[in-house]
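Note that chain A is present in both complexes that follow, paired respectively with chain B and with chain C.
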Partner chain A sequence: MSHKNLKVALIGNPNTGKTSVFNQLTGLKQQVGNYPGITVEKKIGYCKLNENTKATILDLPGTYSLNASSIDENVVIELLLNRNDPNFPEVAVVVTEVENLKRNLLLFTQIKDLEIPTILAINMSDRMDFKGISLDIPHLEKELNTKIALISSRKNIGLDNLKELIANSQELSTKPCLNASSIDPAYFDGLRNAFPKELLYKLWLVITQDVNFGNLQRNEIEEKSFAKPASELKKMQQKETIKRYQFINDVLKVGYIVDSSKAKGIRAVLDKILMHKVFGYFIFFGILMLIFQSVFSWSGIPMDFIDESFAKLSSWTKTAMPPGLLTELISEGIIPGIGGVVIFIPQIAFLFLFISILEESGYMSRVVFLMDKIMRRFGLSGKSVVPLISGTACAIPAIMAARNIENWKERLITILVTPFTTCSARLPVFAILISLVIPDEKVLGFINLQGLTLMILYLLGFGMAIFSAYLLNKILKFKSKSYFVVEMPNYRMPLFKNVAINVIEKTKAFVFGAGKIILALSIILWFLGSHGPGANFENAEQIVTEMPQNKEIHDEVLQDEIASFQLENSYIGIIGKGIEPVIRPLGYDWKIGIAVVTSFAAREVFVGTLATIYNVGSHSEEELTIKNRMEAEVNPVTGEKVFNFATGISLLLFYSFAMQCISTLAITKKETNSWKWPMIQLGFMTVFAYVTSLIAYQLLK
Partner chain B sequence: METLAELKIGQKALIIDLNSDSIPLKLLEMGCLPGNTIEILQVAPLGDPIYINVNDSFVAIRKETAQEISVEILNS
Partner chain C sequence: MDIQSIIAYFLVIAAAVFLVKKFFWKKKKKADGCGGDDCGCH
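Up next, the complex of A and B:
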């Protein structure tokens, strides 16, 4: 027999465990990408169904129905309406949750009406006894015209049965569940006569949704005067929804019995505690504290290890390889550059770990509920909490998470202020500066001063985000309707497999995305630092040796003098000196200036840049970590340490507030559809950062 | 007739009518439709939003949306 490869799409409401099903079916055989032109995550996985059949499984974004209200949901509709799309599924698996079957079936009936072979997977079947639910599967299969797989993705039950049903999908009926056209027979008859070849329900979706598909364009329908005013369409959609629920209720009356005397639940109890007007906030802030403290202390160990390992590797290559340009490029450009990327991994992984646990457990929605009224005073929504918290990992997914906010003004403000939150790219900068200028001491016997400083920086970031939201709320004058609807999912133990896959995928995407920029910049920097125009650079050795004050000094010191003279006269030195007048009042010398300039593309480049600059500028054979080198830097004129308290604080403030991330600007442009907003972001944040650092340095010096 | 916004915690009501222009379709799809029962489970600390169970869907909505839903109280 020949091998078959079936195209399968997983479709379902949010919170039905659809992603768990996807992970169970495909394991780590997944590819995560983006849909072309938009930043909606596209997950494809592979699965062997039986001896002869394989499946390519597409995990579509969660949606409540085929009436799209976000870009994520649009993806689902555009795919299902376009039979020519290469990803168009041969089989649709609608994943539902047993406790919410009624509501989940709404989407199922819509997909059935598109006449796509559809399997109904009822997930979380292990909860049925607990909730006193019993199902009449044969009845449901008959009434819904489908095959049902009763599964539990958490306990890995029934997935073999689901695979078998997918493999035998040719047996599925494509008969629709109900006839939606009866909501307005005259209108639909007209539609049928005008487009006899097209599926009626498909036409209806094209009219009501903002999507194009295949050879049938919206405007063609509108020309033939089937367009209706929005409010009338909405009334019809409401009628359609009622009709679908009537059908579902009739089916479930026999097929789905709940014995509520047997039902147990921890939802009510946990809700009372977690959403309590006092304890609720205590618990929330307690969890936040725990996250930030542990991210800093737990990831410190692997980070030090990575830092030292790369320092060793760099000096080992220097001695092991024959001297020359290539060796220099590898040991002074590439290795420190890669080290600057790898050092992020522990912190990012920990942050994504905590955030995905909060989301998986269902807790995040409770926070949205608790915070909505407070956030609204600042022009934000309760849902802004999710972007603001995820912003501590990375502003890019955070700004994308703002899509769930239905109100445009609240969404825009959230997008604009999210980059103020302390993202993981700032952490390495903060970590190294804090360890340089804040003493490693305990106050009140147990609070670590360095940890406390970091905590203050996080609070400062949040504070700035809230404050600028407040300003924007006063300035922006447009009204838009609030459509706030938040589902409160059941509480669940986060599944290890889901959390692990999420952490691995997100970390990988971040490291490779940022990694490319950092690596490229490191190589460019190395080049600019080890080459220079004119005679001063070429003849550095001669010039320095002939300086009168250098007549009597030790050879090793002389070598260092030559190296730093060379750096000053390299391309990068010239650039740095050029901007020195602007940054001098903030307490930075020209070397820090270079790092500030390079980190305008991505702030995490700061540490790597200084590593490369100091590496190029030093001639010693010792293994030195980045921190050692920074500590050893002294101002040649005053003899004071470069990274003193005032400069350190000024830098910390600058990196807290400045907009130094090209990727964030790009995503803001994409999500707001205009260059205006990212430019406002860039301008405001940079000016604000400059002014605060200036004030801080001038007061502290 | 009352609106959903006037209900107290623990009260159940029957949905009579709703203003479909100012109610998100998503809420309707979750089962917030005339004829279904609705219960207030919790009210957020500052009086808004409210946490409801409608048609076995557990959702939070804002008061301004709740004001657009007319209900008939079932128990008091």
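Up next, the complex of A and C:
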């Protein structure tokens, strides 16, 4: 039996639960990528509708209308206007939210007018009783010429009905909601006569939007005298919007009734507390504190387990496999390298668990609103909070998220300062250094000192971002006005499935994104550490054995001396020694220097690099964890621990402020369309990090 | 050279190639979403 595969696009305003619907329909059968040529996220999932029909579901970026004002919105329009696009939908599902149905229907009517078979999914139907809302579905279906699925993606209600409607999409009417001619009859009649084969509303979008349509060239329209001044087009667009709302109002007058006497809600009460001008900030910082305490204390047990397991595996491989280069590569390079990635999964998962819960519950939007007043003083917009908070995950999507800031100056400042926010790649570096130099003690009897240090580092990064924004605001001389609009979603219980998928996606991105780089670098580092030029490396055993001070030492100590001498004369040792004069004032030896250089590819490489270097440089048969090896590292000249308090703080500050990320530079270049800004970013952050670490080390040593 | 060394060096070369490709290789933009001459990507 042949199976039908329908192409379905999920379209809707932001905050309508579109992604929840996507997750419910597709589960984990998702692929995340980018649209060609741009970095807007493209999510495709697969769903079985019934025995004979499957669907490929495309989750499009949230948009309020088909009048594009951002790159995300352009993606939606370009797809819906290009029937040759391989992703062009056979069915569009417009996801709306029951409480904001009127506003959400504007987009629905526009999509209907493109004559694409469209289903209206009214989400969050479980809140109807709570809000005293009743719907006349048959009336709405008749007036809107569509099929309606009343759903609750959070409670998994009505999704089967939606699947059924999609499977039977051939029954959908493609009759438009609005007669486009009514906007300006004379103008549209002329347009229809000039392009009889084209859809009238599509022509109108070509004229008003800055998007490409191939055959239907803008200049062709202009040649036929249909071009109008921008101000006139704007007026016509306003007229169109008014006409659409008149239509929607007429439909909803009968089909959508709100009995406010039946409505009950705690939203107002919660908003009063959480967005209070004093308590709001205390609550926010209290929540942050709780998150960082939990990230540290909860992830300790799984991290220790992973660390010990990899140490055991490395030691077992060394004895179980026949001696040779491959055995050395696996036990000293690959296993410690992979261990350096896997060990941080618990912390990253916990951090994203909390961030997802805050986003899902609707609290994050309140934080954006709360912070807007503060942000404005520093030349940022309230919308800058989103990139700055997203920056705790990764600066790359965070910088991309700055696209929704309309004002160029505010957007540029946001792009430039976002890499100061502590991203998840810094977390492994911070975690290992904190556990080495900050005692595992309690302050005031209940605050874990290590967790507190981590929180201070996050605040330091955030504070530095704000301070740099203030400086940039004074230095950059662009003049522009901006407005702040943010939507406050309802408070809701976080949906386990959404939180879980988000945590899995983010953790997967860390493991498979950075993990591949770390693994490859571990292999290269192993090679550079176990090979070297010249006689010193080749004859290390003979040279060390013949040294007078080594004549009477124990065999095991002698083996370590040989390994250490060999490492110093290996390729990596030579490179490290070369940069040592620059980094010595910061308290770093040449081994740390190597880790600092390699971690320019990705910050988290720092730990993996040290794990590999210390593994190559040791002949000990004991099963040593990464932390143990770092803890045991001693300066051969002074006899002091390498990772002491001064060096630890110096490194923590260096990694808090230094750019150390090629990918972030690449995305800044892409978003600013110039090498000037990423170079300024790199120069400023590196110099600032160097100077701060230098001062800290010199004061603390 | 024994088989262990051959595999080890092969892995080292593969890792180096991967890193060079990742950070220094300029990928040509491929218009994956291109649906024909009138798709607007050209």
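Methods note: the second predicted complex is superposed on the first by the 685 of 701 C-alpha atoms of A that agree within 3 Å, B and C clash if a C-alpha of one lies under 4 Å from a C-alpha of the other, contacts with A are read in each partner's own complex, and residues count from 1 in each chain.
The rule is simple: a contact is a pair of C-beta atoms (placed from the backbone, for glycine too) under 8 Å apart; a residue touches a chain by one contact, two chains touch by 3 or more.
None of these values were measured; they are calculated from a predicted model.
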Pick one for A:H554: touches chain B only (first), chain C only (second), both, or neither.
neither
Just chain B (first), just chain C (second), both, or neither: which does A:D271 touch?
first
Which partner does A:M488 contact after superposing on A: first (chain B), second (chain C), both, neither?
first
Which holds for A:K197: it touches chain B only (first), chain C only (second), both, or neither?
neither
Who does A:F369 touch here: chain B (first), chain C (second), both, or neither?
first
Looking at A:P322, would you say it contacts chain B, chain C, both, or neither? Reply first, second, both or neither.
second
After lining up the shared chain so the two structures overlap, which partner does A:K253 touch, if you call chain B first and chain C second: first, second, both or neither?
neither
Tell me the contact category for A:E99 with respect to chain B and chain C: first, second, both or neither.
first
What part of chain C is in contact with chain A in the complex they form?
2, 4-5, 7-9, 11-12, 15-16, 18-19, 22-23, 29-42
Of all residues in chain A, those that touch chain C in their complex
35-37, 78, 82-88, 211-216, 322, 324-329, 516-517, 519-521, 523-524, 526-527, 601, 662
Chain A touches which residues of chain B in the complex?
20-22, 24-31, 33-34, 41-42, 44-49, 51, 55-62, 64-65
Chain B-touching residues of chain A, taken from the complex the two chains share:
64-65, 67, 69, 99-100, 102-103, 106, 231, 234-235, 237-238, 241-242, 245, 267-268, 271-272, 275, 277, 280-281, 365, 368-370, 372-374, 382, 406, 481-489
